[in-house]
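So, here's a batch of structures to check.
Two complexes are shown next, each including subunit A; its partner changes from subunit B in the first to subunit C in the second.
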Partner chain A sequence: MVKEKMKEKINNFPGYLKSWGTTFIGGLTILCLIILTVIPFLSNDLKYVYVFLPQFTLAMIFAIFAASWDLLTGISGQISFGHAIFFGVAGYICAYFIDYQGFPTWVAIVLGSLGAVFFGLLIGIPCLRLKGPYLALGTLAFSLILLKLFLQGSLAHIFFGSEGISGLPSLSDDPIIEYFIIFIFTIISFIVIIQISKSKLGTIFKSIRDDETGADASGINTTKYKVIAFMISAFFAGLAGTFYALYNTAVNPTGNFGTLNSFFAILMASLGGLTTITGAALGAFFFIFLEYILIEIGVIEIGNLIIDVSLWKFAIFALILIIVVRFAERGILRPILEHLKDLWDVLMGR
Partner chain B sequence: MEAEIINFLFNGTVNGAIFSLIALGYSLVYGVGHIMNLAHGAFFMLTGYMLLWFPSFLPEIPWLIATIVVIFVTIIGGLAYIILIKPLQDTSVGVVLITFGLAFFIQEYVFVLSGTTPYSVKEFKIIDGVTKIPSFSFINQFIFLIFASLIIVSVFALFISKSKLGKSIRAVSQDREAASLMGINTNRVLLYTLMISAFLASIAAVLYLPAAALNGPSMGWGYLTNSFAVVILGGMGSLVGSVVGAYIVGYVTSFTSIFIPNGPSWAHLVPIIIIVIMLLIRPQGIFGKKELR
Partner chain C sequence: MESLTKRILAIVLIAVIGVGIGVGAWIFLAAPEAAIKYPGAPSGFDKDNTIVIGCAGDTGEIQGDANYEGAYFACKHINEAGGVVINAITYYFGVTKEDTDESNPNLVPSRGVDAARRLIYDKEVDFAVGGFRSEALLAYIEEFMDAEMIFIGTGAATDIFCEKVNETYADYKWFFRFMPINSTALGGQILYTLADFILNINADYPNHDVKEIGILAEDLTWVTSLVGAIKDVLPLLTGGWATMLPEILYDISLSATDMNSHLADLQADGADIVIPVISAQGGILMMQQYALNEYDYLIFGIDVQSQLDTYWDDTGGDCVYETMMQTLYRCNKTSKSVAFWDAFIAQFGHEPLYIACGAYDAVSAIRDAVEDAQSLDPDLIIPVMESWDRSNPHLGVAGNAAWWPNTHDLVAGYPFGYTLWAQWQPGGTKAVVPALIYPDVGAYGNITTGDYVVAPWVHTEWS
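Moving on to the complex of A and B:
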């Protein structure tokens, strides 16, 4: 039965794609994908290729990361404030295997992501006794303590100290090829995460989020599925973490483990709106480019007042997070899409 | 060896005194309003940095500046409740997200103004110098801190059990709906609770930080983690549990950093180990009665 369904789907694939492409969401997605495919070839300018284009690469890495957080918090309802753990651990494992064991990059990426999954299991088991805000604080405590352990004290030298590991090879010397590698992985990750959230597994996750007692009473082993949610989310966070390590060609405690990374995931996913996986991508692009713009603006002078805007960037981000959570609980992606859709319907004369 | 034991006891008591002040407010807010305030550590850190900033535009009278700073932070705590937490208090995710955002905002604001260099605010010491008992020397400010903390905790316990506001706080924490039916303005009680909590955190900072140092804007998180370990150990919302838990965590941290090889590094792990062990064997904490929710 399932096989036949699959066959049917595969046979009808072009038609299925065509009908999806004509829907509003599908059309918009395809438009975005086309724009992202064309962007690397728009200019040959050195600054464009080596400075501007990597911002897109970075945004896509953070899009995977934020989407993985959204899968855990938005879909499964397990609030994690320590997503930087998976991000950092995977980056460190990847860097260690490349620099000290001479493993090929791709093997190291797989090992890094699997290491993050293992950490997801390790942290998931004690933390899942916690619910709601407790879980948030528990995971936050985990990430803070790992950061401290890596950063300072006499054990830090085992973990390569505050300098971390540097001199990693990047994914490719050509920024355009690097861009496309990350682009393909981003698309695959998003398809997988969205399919998971729509599948039976995703329905189970949502049922745990909405009513855990009810889910338990319906015969769902909630603990098992919560650990699974943790592991899947950790895998994608780990994937993003390894890419981030290779993007920077170095890992260090504050850059990879910092609370800032957990903050970024939360920020990006909340801006787009929780439970909309694609909102994470919107948030990632918005914040990476806002950061880029603020750094580009640099110092501004208003009369006697000299303000270095780039110093204020994270304060501005935090303010945006506060405003979004306070005034737009659903995030900004869905309302914008709804308005656009109304406009679209009017234009199409429906 | 003898020196180490005395050192361990003294440091443990100091840690316990400081943790009990911070964790008490944190636990109170959770117990009364089920509000998980992630900005609690940031209030502590902000107080320290205000002590650094305020002397530049206020008359140089340490106790006056310290009082103004404490009042400031208390007001910020109240404003945080009115503006940010109150509209969102029905959704636990919203409260956690917004207090996290607030903590980050305070941290980055401090970072912009003061950077990450460590500072000292030692002119705010209430008692200077050290006491030498034959061969050991104790920092006077810390001795004062221990007694001050004990007095504040006792006054607080009296306040909660005897005063009218304390009684309404207890009523709201037991059953919010019933309390509001009895004519208690629950929102106002929660506002006062948050202000008391910010007040305790900032008193702790005023007493402790002049003898220690300001270790950069991110130091608040460490105190937040510790108070979380304390309340998990003592039982969420239990005030006795918070004080007992604070001293246990204090002594364990001090023991680890003095007697175990690579101690200071392992001491960072103490809170998380306590959290994990407690969750595995007794998730409701030592003094907790209700099941962990």
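Moving on to the complex of A and C:
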């Protein structure tokens, strides 16, 4: 019966894809994918290939990370302020197996992601008794404990100290190949996360988020599903963490476990729009490219007036984020989609 | 008709947005000529014949700014002296910088990586200098090595960079360390100086045994081997006289109360001398609490912030009597030191941080190496730089630079890479005090500029 259903789904897939492609969301998604596929080939200028293109790679890594947070917090309602735990642990495990055990990169990536799942389980269980802001503080505390442990110079022989592990290979020496590897994993990750959020499992997550007591009363083992949510989210955060480690070719406590990373995920997902998953990607791209643009502006010279934007870039960055959050409380994805939909309708003559 | 107008307007809007994005991208991707400065170069020089130095550092922070100032100043002097001639063509030096954000306590390593890529692929620099925070540099150094570009370290002391050169020379041969000497060598210089200091000061106080030594260090990796060495070796170097108290490793985010608690513990343990091993802001807290409570021990060690001329004001004068390692101060460390010191203050209005001295020497060394090699090819320049060994050092403003074979690490010890010991004295002046590791009068003149002064409340207690 299941086999037949699967077969039917597969047979109907081309038709489904065709009809989905003609919808607004489908068309927009395909357009974005085409743009992202073409972008690496638009120029062979060194700056374009080695500086501009890696911003997309970085944005996609953070998109996976932010989406994993959105799955845990937006969809499942388990507020995490310590998501950097999974990001950092996976990066460290990946780096350790490459640098100290000589494992192939891809094996190390799998081990790193699975290591994050294990930590998801480890942290999920004690945090089950906590809810809302207490859960948020609990996860934050875990992340701070790990950060401090890894920072202790006196424990450097165990946790590699503040210098961490360096000299890792990158995913590819060619930024274009690196881009496409991350691109493919981003697509797969988003498909899986979106499908989870739409599946029966996602419905259970949402029911726990909206009314845990009610979900419990209807016979859902909320404990089990909350741990599952932690583990699935940790897997994708871990995957992003391994890619980030390989992007930088190094891991260290503040760079990989730092609380800032947790807030990056929260900020990106919230900027895009909570519970949307795809909003996380938009938030990540917005975040990374806003910083990129501010760095690129550099020094502005108007007559005798010299404004070094680079010195103020983080202040300007924060100010822009505050303004965006003020005027797009539910994230920027929904208003953008609404306006694009209007434009789409006009173009279609509707 | 209305629908058609709307459709046309929508298409125009999309076209305008598209063109806007395109123009914006073109502006951002255009070569940033203005970001490269050529200080001291004559007007109308040929910009095809330039050597551009890329400064990797945290701009807006003292370390990154010091790196850029040192490199800028060296470029200015080189250009004013006529640049460098390679195969009958005169080249002038340019300098540019990128922000690695490495002083940020919340380190984002990808920012350093991106900064390195901008220097290499956007600004297309020929050489790079910089680096301060080991964990950040460990990430972005790979970009320079992959690009086979000579990178001279001017701020990070950790041994690991030169160990990498030694272990995998083919991958890391483009890295050289110019400043400071590595942490192990720093440890050695501290040990010999301290042992000598303890024995000498002990002789000055017949009524008090100066023998209990405490260590107050920030709990970071770079201090681990140094603290271990001090604990193990200092008693031996004093012939068993000095006794080491349990070391205090503190979290770098500590408060003034925490710091005072540590200082009080050291007092309670009977410390006579406390050796700080501090690179971050903890030094200010330490000296404020020390002066406030007038603890009965001397402070003698490493406190990077105290090297700054602003430290006196930062501590409200509480740093008085603190003695610490300082790479360069106004003295005849080399024949170039005093002139450099005065000229730097005249140019920038403040004293040079050790990173500025390192960057100045690094760029000057690049100029000399390029001239000797008569080429910009790193494969020809590296052997020239490697030839600067103990028998043939490169004279700089902060020392005579000589490298150990295979590691590209600085040879430590007088007259090569060594550190001075400077004490903050009443009135906000600083004196280079006598120390075992260098003579009072060196090959280029007076090195020491004053005598060590014991804090009066300690003097009273010990007398």
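Worth pointing out:
As a working rule, the second predicted complex is superposed on the first by the 312 of 350 C-alpha atoms of A that agree within 3 Å, B and C clash if a C-alpha of one lies under 4 Å from a C-alpha of the other, contacts with A are read in each partner's own complex, and residues count from 1 in each chain.
Definition applied: contacts are C-beta pairs under 8 Å (C-beta built on N, C-alpha and C of every residue); 3 or more make two chains touch, one makes a residue touch a chain.
Computed from a predicted structure; not experimentally measured.
Judged by the touch definition given at the top, the superposed model places A:Gly298 against subunit C, while subunit B stays out of reach.
Shared-chain residue A:Val325: touches subunit B; no touch with subunit C. By the touch criterion stated above, A:Leu140 is placed in contact with subunit B alone, subunit C being left untouched. Residue contacts after overlaying the shared chain place A:Ile306 against neither subunit B nor subunit C. Of the two partner chains placed by superposition, subunit B and subunit C are both touched by A:Thr259.
By the document's definition of touching, of the two partners only subunit B reaches A:Leu130; subunit C does not. When the two complexes are overlaid on their common chain A, residue A:Lys148 makes contact with subunit B and with subunit C alike. Shared-chain residue A:Thr249: touches subunit C; no touch with subunit B. Within subunit A, the residues touching subunit B in one complex and subunit C in the other are 148, 152-154, 156, 259, 311. Taken in their complex, subunit C has these residues touching subunit A: 3, 6-7, 9-11, 13-14, 25, 28-29, 32, 34-35, 59-60, 99, 105-110, 113-114, 117-118, 120-122, 124, 134-136, 138-139, 142, 146, 158, 160, 164, 219-224, 249, 251.
Of all residues in subunit A, those touching subunit C in their complex are 43, 45-52, 54-55, 58, 148, 151-154, 156, 161-164, 166-167, 173, 244, 247-250, 252-256, 258-260, 293, 295-296, 298-299, 301, 310-311, 343, 346-347, 349. Chain contact summary for the complex, subunit A toward subunit B: residues 73, 79, 81, 126-127, 129-134, 136-138, 140-142, 144-145, 148-149, 152-156, 259, 263, 266, 270, 274, 311-312, 314-315, 317-319, 321-322, 325-326, 329.
On subunit B, the positions that touch subunit A within their shared complex are 36, 38, 83-84, 87-88, 91-98, 100-102, 104-105, 108-109, 111-112, 218, 221-222, 224-225, 228-229, 236, 262, 264-266, 268-269, 271-272, 275-276, 279-280, 283, 292-293.
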